[in-house]
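Please find the structures below.
Common to both upcoming complexes is chain A, partnered first by chain B, then by chain C.
Up next is the complex of A and B:
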């Protein structure tokens, strides 16, 4: 069933129903603000709690206790009275807080007094030779299939990369009886040393014990190769083998499926299209929005919570969602704020949830050779542009990602830079001897997700436009 | 430190870049000053139409001059600018519109211009098979076409630099003043001095003119464009409508560009625009009606470039009416891209020779301020 928004105006519109969005919408609605939660998926949960209301995986141990925390958040949301619409794709947000959303093939416009963006994270591009071959996919995509349909790999499977999600996915696949032939760990050896000063905070974080036991669980069942410094996929139109170098030894193994993952980065498209300024985070190697302590962006009325505000993980996302909603309540209905948890409590919760993050960011900072490709390796999948193509264009005057569009159409395809943007920025920065901050990012534009011409044509027009018959 | 050059060009759009290049070809050493980067605004993000069709009569000579350069653009720039010449077609949607087209072509013929040609329904269908069958004809300008605007503007900039122009990007020209027979302009901590100053600053040019005592009726506008995902090839010429606001073009890649002059809200001090989706929806509906093949195409991006529009829709082009050595080249009012190559050539002639064979006298700033020189 397709449901359009009940109103054209809301106090708060929350975009995204992952941990941050669920918590933000529930907090806002509980405080009595008219609240609309728009989410692209068929049910609540985002990626972390994907299919939390519908997963066929019912043995709680298989997906782990952290996953089922999502059920409590969904319950709180349902009790809060927030209006929730799923399969709702927000395709435009501007600095006037005008939101365009596509629901069931029809677009509606709503206006908000405050917008809380909780659009989460994307997997970092992993542009190695052969990464576009059928048979190579991201770990996140594999996890989506696992959570929503209990699908696990049964062919010869290699997982390559690094980061907490990689180990979580490996554990989940194994628990569900899936096959993993080898794990290629690309964590740089020098990162262990660099992360050491931050280890104490991590030791006292909730992630430590869980992470360690999960790695042990996986290592007991799968051959793990650490210190991988080169990686490529090969095959004739289909993945056939994976090659890697570890400790100066090159090995090639046959494979039907290669799952790649080297961490997640903020999903910036909607925020950037709305005019929110972002800066380069040199530790997390990604763009992060400029925000105050409550998640408010420089665009009046737009706040960002969750991993879209900078990667912090699910626990931090929940608290950031509450803090952003609390700021909205303070602004719109100060009297109702008394009922909410004190801001000092929320900030303490956040500090706890973020403990150990620097350790993880330092340890799992991806190596340059896996971020900045060379030669014939594809950078932009939509337009099939290679690293060499990019460098050739830089040599004749493409000084940044936006200039590069004119030469190679990078970032102009359907993905709007999601799969190439970071690579292009870092590649140009390296070639020109500048920082990514100086090079900048694509100027992103609505529609943030494509809509059909027919759908746009059906949007109600303003009277002035219907009357306008003068050609400009 | 003050550096002496032969000319200072303010503005790195296609006009400033073209003028800088043509000054180099004439043996001068200009500096080009651009506050962002060349092609950042309207010149880099417009629809790329290379159109003589449906122009105001006073700018037709400049347009024709420009067309000659476009047709040999690779020779000039060592870059083809993705220029393609498949004609531009103006579609009349009914008999009344066709009658207006007929009168227009007759008017141009009487003035000696032959680039616009009246076509009937059969020829329209031959040129644009996908157009709705109810359209009775229109006008074609067969040498017209389209180019990639960012590629073109960048190519002008690059060639100008190769030929000796100094290009300063990322810092705005400031403190523009005239003293001791020279124009002085600051760029950050540097200063440039030259006997010639060209004001080609697009949406920002009106402020420069006003500060020099030559205010003109100009506003800042941001015409919106949107582009679709790739669809099978179905149209070659650029299509514009006689009545409704629409321009329409399919690229070689299959993507379709939809424009026509609906306006976004510009914020030129922030380099930003806020799109008006309800107006874009009007464009979408027009395409929906005229080109049924487009209905399931997806819109992947919409944007707007910031530029200057004159109250009388004509550019301000030529020498200042108050100051020696000052030249204006702005206010192209949503149709300046095609004029860029020719305008640069003519501007260089005005500067170097003091005159030109191309008739541009109706475009001068003296239409607002009688000359005091």
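Up next is the complex of A and C:
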């Protein structure tokens, strides 16, 4: 489906076809607004519903009922009449709501009256010694391969970290007959106490029973070590072993695959590049956009839905998508809004979906030593910059992430800070005795994903464009 | 490191990795096909030449960079395999003209 958009103008352009984007695009198109959904992946679903239309895992129990909810969302989208383009990488969005998108090696430009960003989340960086070794991956990476290609870990496999996804992945790997040798749980003991005041909401949320039964399912088959306070990977050009400390006891085990996970954080690059203000969230330890109750950002016409609006999970993402689309319909075609669910109903749905979240955020708040590395541990994977390099630069005058670029090129490689940005902010904040909010984040700009100069040069130019840069 | 579940009934697709035929399945991404194949798919980084394999598989880490049909620096985790596709494990920087 590498075709250019059919039009240059749309009422609503939705970016990202995960839970929020699917729901937003369907709602907007159902209400009669011209709607374009742009998505970077091969098919719809985002991460949580990845490969929902194509997965070779046909036994529905293996991926679980929560996964197959995605099929209904895709069906609703297909029935809605929204235009959908996959393998479309949006590389620019500006305050005029002009969008540049790369499709099949060529860029197209579309303009929207409203943009709904549904770019979701990515896994929090997990900068431990050896995390760049081949054989060390994120838990999400293994889950992506499991869902889209029915691939399961085969060699000696260790899963380390914390959070709901870790247990879900472990259960799915076991159901598909894959191998897990050990699970290293890095949840801090003190978090259990801190989370206790929020336990009632969690106990009465749907997460509780599901989470408990999944953990039981996994613990019956795999050795789980809890209270892990140190973690490192080692090997010569390839992962060979994983070392950890639990209860002051150090152990080293041979491993071919280490899957890391310590929660997810909003994927902020496109929103920040569009000028949407973000604030440091001290509970979720990440940047979250400034939004009103309908997901509208301070940039007129740009709304954010789903985990990009602050981590809330798939159920909340779907409702946030509907709320953002509903706000677009209210603004552009108020008469059509009558057909949609009442805003009070949507808000009640959202409150229900977000129930128990504070408990999860508090319990699975990652420990400082797994967020803020030291010594030779790599911080910036692209430019291969260590924690010591960062601290040395701070000592001679690098005051924040943007200054650090000039010293060390952190965040200037192809990933554009996605895998180092949070670490750099927290590392500098700690070194300088300031808050992450004071330290700030990389100044992000288009193109938010790399495109070739040839593709840029091939973009159609007006006479005015040429005159602006050509002399004489 | 990874193996295919027996229930996978997708049709086969043949790709070539550094000239050698590798069996993939329809719907695999290039990175998934490489990791499933058992071939040494480690690229080397542009900065130090360190070996790497895909890390995130969702388009954000760029550790899956690979040359596909003569074009360098492609994110292998975002590109589906196609019959006869020529994949080269990228060593170091993208070369001029590739």
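Convention: the second predicted complex is superposed on the first by the 464 of 472 C-alpha atoms of A that agree within 3 Å, B and C clash if a C-alpha of one lies under 4 Å from a C-alpha of the other, contacts with A are read in each partner's own complex, and residues count from 1 in each chain.
Here, a residue touches a chain if its C-beta (ideal position, glycine included) is under 8 Å from a C-beta of that chain, and two chains touch if they have at least 3 such contacts.
Nothing here was measured: the structure is a model prediction, and the numbers come from that model.
Chemist: With both complexes superposed on chain A, which partner does A:86 reach: first (chain B), second (chain C), both or neither?
Modeler: neither
Chemist: Report for A:460: first if it touches chain B alone, second if chain C alone, otherwise both or neither.
Modeler: In the superposed model, A:460 contacts chain B only, not chain C.
Chemist: May I ask you to decide whether A:150 touches chain B, chain C, both, or neither, giving the answer as first, second, both or neither?
Modeler: After superposition on chain A, A:150 lies in contact with chain C alone.
Chemist: Is A:450 touching the first partner chain B, the second partner chain C, both, or neither of them?
Modeler: Once the two structures are laid over each other on A, A:450 reaches both partners.
Chemist: What is the contact status of A:94 with respect to chain B (first) and chain C (second): first, second, both, or neither?
Modeler: A:94 contacts chain B only, not chain C.
Chemist: Should A:414 be classified as contacting the first partner (chain B), the second (chain C), both, or neither?
Modeler: In the superposed model, A:414 contacts both chain B and chain C.
Chemist: In the superposed arrangement, which partner chain does A:256 touch: chain B (first), chain C (second), both, or neither?
Modeler: Only chain C; A:256 stays clear of chain B.
Chemist: Both chain B and chain C contact which residues of chain A?
Modeler: 413-414, 450
Chemist: In their complex, what parts of chain A are in touch with chain B?
Modeler: These residues of chain A touch chain B: 92, 94-96, 100, 109, 275, 396-400, 403, 405-407, 409, 412-414, 416, 443, 445-447, 450-454, 456-462, 465-466, 468-472.
Chemist: Of all residues in chain C, which touch chain A in the complex?
Modeler: Chain C residues touching chain A: 1-10, 25, 27-29, 32-33, 35-36, 42, 45, 47-48, 50-63, 65, 73, 77-78, 80.
Chemist: Quick one: which bits of chain B touch chain A in the complex? Just the residue numbers, please.
Modeler: 37, 39, 44, 54, 148-151, 154, 157-158, 223, 227-229, 240-246, 253, 260-263, 270, 272, 274-275, 277-282, 284-285, 287-288, 294-303, 334
Chemist: In the complex of these two chains, what residues of chain A are touching chain C?
Modeler: Listed in rising order, the residues are 40-42, 47, 51, 54, 56-59, 87, 89, 122-123, 132, 134-138, 140-142, 144-145, 148-155, 176-178, 237-238, 256-257, 267, 381-384, 413-415, 418-419, 450.
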